[in-house]
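Below, chain A partners chain B and then partners chain C, in two separate complexes.
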Partner chain A sequence: MALKLLWLQGLSCNGNAHSFFNVPDMAGVLREFAFIYHPLLPCEATLEEVSGGDFSPDVLIVEGALRRDGVPRGDEEALTLITRYAKQAKWVVCAGQCAVFGGIFRLNEPDKIAGALYAGQERGGFLDAFEKKIINLPGCPVHPEWLLFTLRMLALGTVPRLDDLRRPVELYGYTVHEGCLRNEYFEWKVDAKDFGAKEGCLFYEQGCRGPYTRGSCNKILWNGVNSKTRAGMPCIGCTEPDFPAERLFETETLMSIPARLPLEVPKRAYLTLTGMAKAFRIPRLTRRKFGEEEP
Partner chain B sequence: MIQRLIEHVEGEALLRLEKDADGRIKRADILFPHIRGMEKILQRRDALDALAFTPRVCGICGHAHLMATVAALESCYAQAGVSLEISAKARTLRRFTLAMEMVQNHLKWFYLTLLPVVMGPAYNRDVSVLSAHTAASACGRAVAVMGGQWPHTSYALPGGVMCDPSHVERLQALAAVEEAGALFQKRMGLSVDAMAELEDPALLWRTEGDLALLLRRLEALELLEAGQSFDRFLVLADHTAGPAGKSLKTRLAAVETAYVEEDEPLQSAGYANFAKPVRYRGRFYEVGPLARAMVAKDPLVRRLHRRYRDAVSTRIIARVKEAAVLLCRSAQMLRQIDLGDPSYIKPRYALRELGSLKGEGAVEAARGSLLHRVHLRNGRIARYCIITPTQWNLASATDEPGVAATAMVGLKDEKAAEVVFKAFDVCSVCTTQ
Partner chain C sequence: MKKELKKEARRGQIMETALSLFAQKGFYATTIPDIAKKMDMSVGNLYNYFPSKEALAQEIIRYVSTMLGETIHEINESALTTKEKIRRIVRFYFGLCEERPELIEFFLRVYLANREVFHDGCEGMICVAPFMTEIMVFFEEGVRAGDLRNQDFFSAFGLFMGYLGGMAFLNGERILPKNLESYADEIADNIYGALKA
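This part shows the complex of A and B:
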């Protein structure tokens, strides 16, 4: 029996629905899952029918931030609809930053808008009563393959192991930094001189948050081919509870040391190692990758 | 009064239809009941943070918002008298990734929004979903090759782009463009080159493919001529397939963004609505692929227009043709890029060094002209205003029906109204942001 999925939205840009539409294996998705409702895919029911009916989904997928009222979906408030189906569902998967923490749209009314279990970095979301059913997949947007992995695990009858924020450890046990093609530049403390080069690490000047952001963006690539940091865009920390931070495209420094250090790295360890690394000059890492000629 | 919830339009919209004694639609109110407050959220943020925020207005056309932010911030430099050097490569890459986002939008719209409503039971769900998926994931991959991911990359910034592609990336992107082109040819029965050069509408009806199928079905439903509106078209920005301008029927003229003005949302008793109407010199205009084709004097669309004016058939064909034109141009753009050009040339000053600034950026997005207006004070956003294509096409004023509302007047039933409405390519999230 195909797992019955119901995808409902709060305050959303539809970005998670579109991100999910980039899964590599859509034929598999259509075969393995039965969508009661999804914002893009043609489905068994209309939103109006979902709102008036009773469909007992196996998994409720929530996209978007939540607010007590002012967000009509179909004939009722999004939160009423989502709460009703959260009761029926075996699992509630929060797809994307807004559903998990409130995301960017929470900033409009921080005291009224929140995610399922969290209001930004604090506990206190709208679906606290269903905590034990909730799986959190933060990210703006959610990575399509992270969501597909989670749904396939549930289809197999296995709940992926979760960390203390109820994120699957096999997806969020990595930092974004792991697997970045710029790692060698980080090791030897060679910073990117500017945007627009494949050489250099973006952690020191351009604001890259990869070393302290959880997510497997550089293990399971985006759209099957790339990641922001590989391309040259700093990680903006879009899976973290404090997203969005201020001044995303520059590194905040204290006495010319990055104000935030890689996850759980003590300052003394960081200073010792970078001091050592800087004492050496690795000629290969100071040249352009393909030589100085035009490629 | 009939109320109808229109779904699968990047969120939902509510249509309230009033009928006359013969059962024909006399008045159509289009209502968008939520707002997320992006303009307010941006206030007091660092100017460059807008690069990460505005793409989050919309999950399907967020890349156009990124490009509008870049254009608005670059125009702030211009206002301060600081000239920026943007390399030809950076300009081309920006146009390329934007074109790819437009193509994925057009093909998703065709297969996921339009076909189901027009074809009814004759519609094959799996074929349509898989066609949309192939096209959209190939185009998304092309953006990701340059920008790291799609949706929601912020890889462009004042001064250029953040990526540094080699021939490897160029060929990966080209392969993705060709995959989307192959899908187009397989499903539409015409190669993208043949479609891009097509001038004779009769050929479209004779071709075996999904577009011909849809047109024949519209003909059977007597809807080919439905959905005519003001017959006024607006293109605020130069774009890959043509210039900015406006067209009153077929009469062309230049445009100035200074004449663009927002108004208060239509009040409809008992229901919230946040869609602000927008006018050019006090008049409503249609924006989008049909407008772009009319202003670019596209021969196929001009011939259709002679027969059907601004009806659904002209509107639909203009959008499908634009997907083909953009795929052709995208392949050319990739081949022409000089990879040795710089990707980014750092502006001589940071925005926070330049005091009080005003800027504006217009971009042609999938659904039409997108305008961002920004005031900066010492590098922080004092005010940010976003005027989206769907506001132009879908929003009515309390005292005057807008483009889509006018297009629905006189239609025979709600089904016809839904076809006409969806042919505009509705985006609920953009309309109110």
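This part shows the complex of A and C:
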């Protein structure tokens, strides 16, 4: 029996629903799972029917931030609808930053808008009662393959191992820094001076949050080919509770020292190693791969 | 074990002797035979401790840097205000100039003046890392506490250490009319005034 999925939205830009279309072999995935309802796909039921009916999904996928009222879905409030199906479902998968932490919508009305379990970095979401069945998949949007991985695990009757924010360790036990092709530039402190440069580390000059952002973007590539940091775009920390921060393309420094250091790296260790690395100039890393200019 | 401890102590004595000779006569005018003679040991035996004069000079700068770093680390870890920390660092530095002038002389006249000696093995700031790390921590935490104005590290560092180095130089040249330590608080206030948020 195919796992029965119900995809419901709170306040959302549809980003996660669209992103999910990028899974490899979408047609196969649609045969593998039974969508009761998805906002963008032809499905068994319409939103009106879901709202008026009782479909007992195996997995409720929640996309978007939640608000007590003012978000009509079918004949009722989104929160009422989502809460009713959260009770019925075996699992509630929060897909994307907004469903998990409240995201950009929460910043507009921090007192009224939140995610399922979290309001930003604090507890205080709308689906606390269902904590034990919630699996959080933050990201803006959630990586389509992370969502597919989670659904396939549940289809096999296996619950992914979760961390203390109820994120699968297999997906969020890494930092975005891990697997980044620019790691050698980070080690030797060679910074990318221009946006989009193929060479150089983005941490110091371009605001890259990879070293302290959890996610496996550089392990499970996007569309199987690339990641932000590999392409030359700094990681903007979209899986973290404080996303979106301001000035995403700038590295905040205090007396030239990055205000945020790689996860759990002590300041003195960072400064000592940085000083050592900066004492040397590695010609291979200071040349551009294409052309003669310095990175 | 006892033999190793003895060797370590002997190493320390050689470094102290070399330090005072380097500080007095400069790096190039001091020879290994000069150091050996003052230690009352043979030149050959001295080479059992240090392979070259350059290696000896590098070891000394690491030793000086570690000593400075340890004191600034203690000041950094204390509950003092940033203003008071500046005072403590300045007093410590000027105290050192009075009590162990050879350390400061070595730093200014050997390490900074003969960079080529420290090229291989002491690239960049590697040999002064313990000191640099703590001074960076001091500045970073001063900004974090809202006491110091956020700016480029070297702009702030140059103002602070350049000022102290300049005063130490004037003191070494016997140009200052008063004892160096009597300038400490006024200079600390000037540094704080220039760097505060």
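By our rule, the second predicted complex is superposed on the first by the 290 of 295 C-alpha atoms of A that agree within 3 Å, B and C clash if a C-alpha of one lies under 4 Å from a C-alpha of the other, contacts with A are read in each partner's own complex, and residues count from 1 in each chain.
One rule holds for everything that comes next: a residue touches a chain if its C-beta (ideal position, glycine included) is under 8 Å from a C-beta of that chain, and two chains touch if they have at least 3 such contacts.
Because the structure is predicted, anything quoted here is derived from the model rather than measured.
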In the superposition on chain A, see if there is space for chain B and chain C together, and answer fit or clash.
-> fit
With the two complexes superposed on chain A, say which partner A:Leu271 touches: chain B (first), chain C (second), both, or neither.
-> second
Superposed arrangement, angle subtended at the Cα centre of chain A by chain B and chain C, nearest 10 degrees | 120
Who does A:Phe280 touch here: chain B (first), chain C (second), both, or neither?
-> second
See if chain A has more residues touched by chain B or by chain C, and give me that chain.
-> B
Check whether A:Pro168 is in contact with chain B, with chain C, with both or with neither, and answer first, second, both or neither.
-> neither
Could you look at A:Pro57 and tell me whether it touches chain B, chain C, both or neither (first, second, both, neither)?
-> neither
Thinking of the overlay built on chain A, is A:Gly224 touched by chain B (first), by chain C (second), by both, or by neither?
-> first
Would you sort A:Ile257 into first (chain B), second (chain C), both or neither based on which partner it touches?
-> second
Nearest CA pair across chain B and chain C in the overlay: distance in Å?
-> 17
Chain B and chain C footprints on chain A, overlapping residues = none
Quick one: in the complex, what on chain A touches chain C?
-> 253-257, 267-268, 271-272, 275-276, 278-280
Can you check the complex and tell me which residues of chain C touch chain A?
-> 123-126, 129, 132-134, 136-137, 139-140, 142-144, 148, 150-154, 156
Sites on chain B touched by chain A in the complex | 5, 7-8, 10-12, 33-34, 36-37, 40-41, 45-46, 48-49, 51-53, 56-60, 62, 90, 108, 112, 116, 123, 125-126, 128-130, 132-133, 136-137, 140-141, 143-155, 157, 159-164, 166-167, 172, 272, 339-340, 342-344, 346, 429
List of chain A residues in touch with chain B within their complex = 9, 11-19, 21-24, 26-27, 30, 39-42, 46-48, 70-74, 104-105, 107-109, 140-141, 194-198, 217, 222-233, 236, 238, 244, 246-250, 290, 294-295
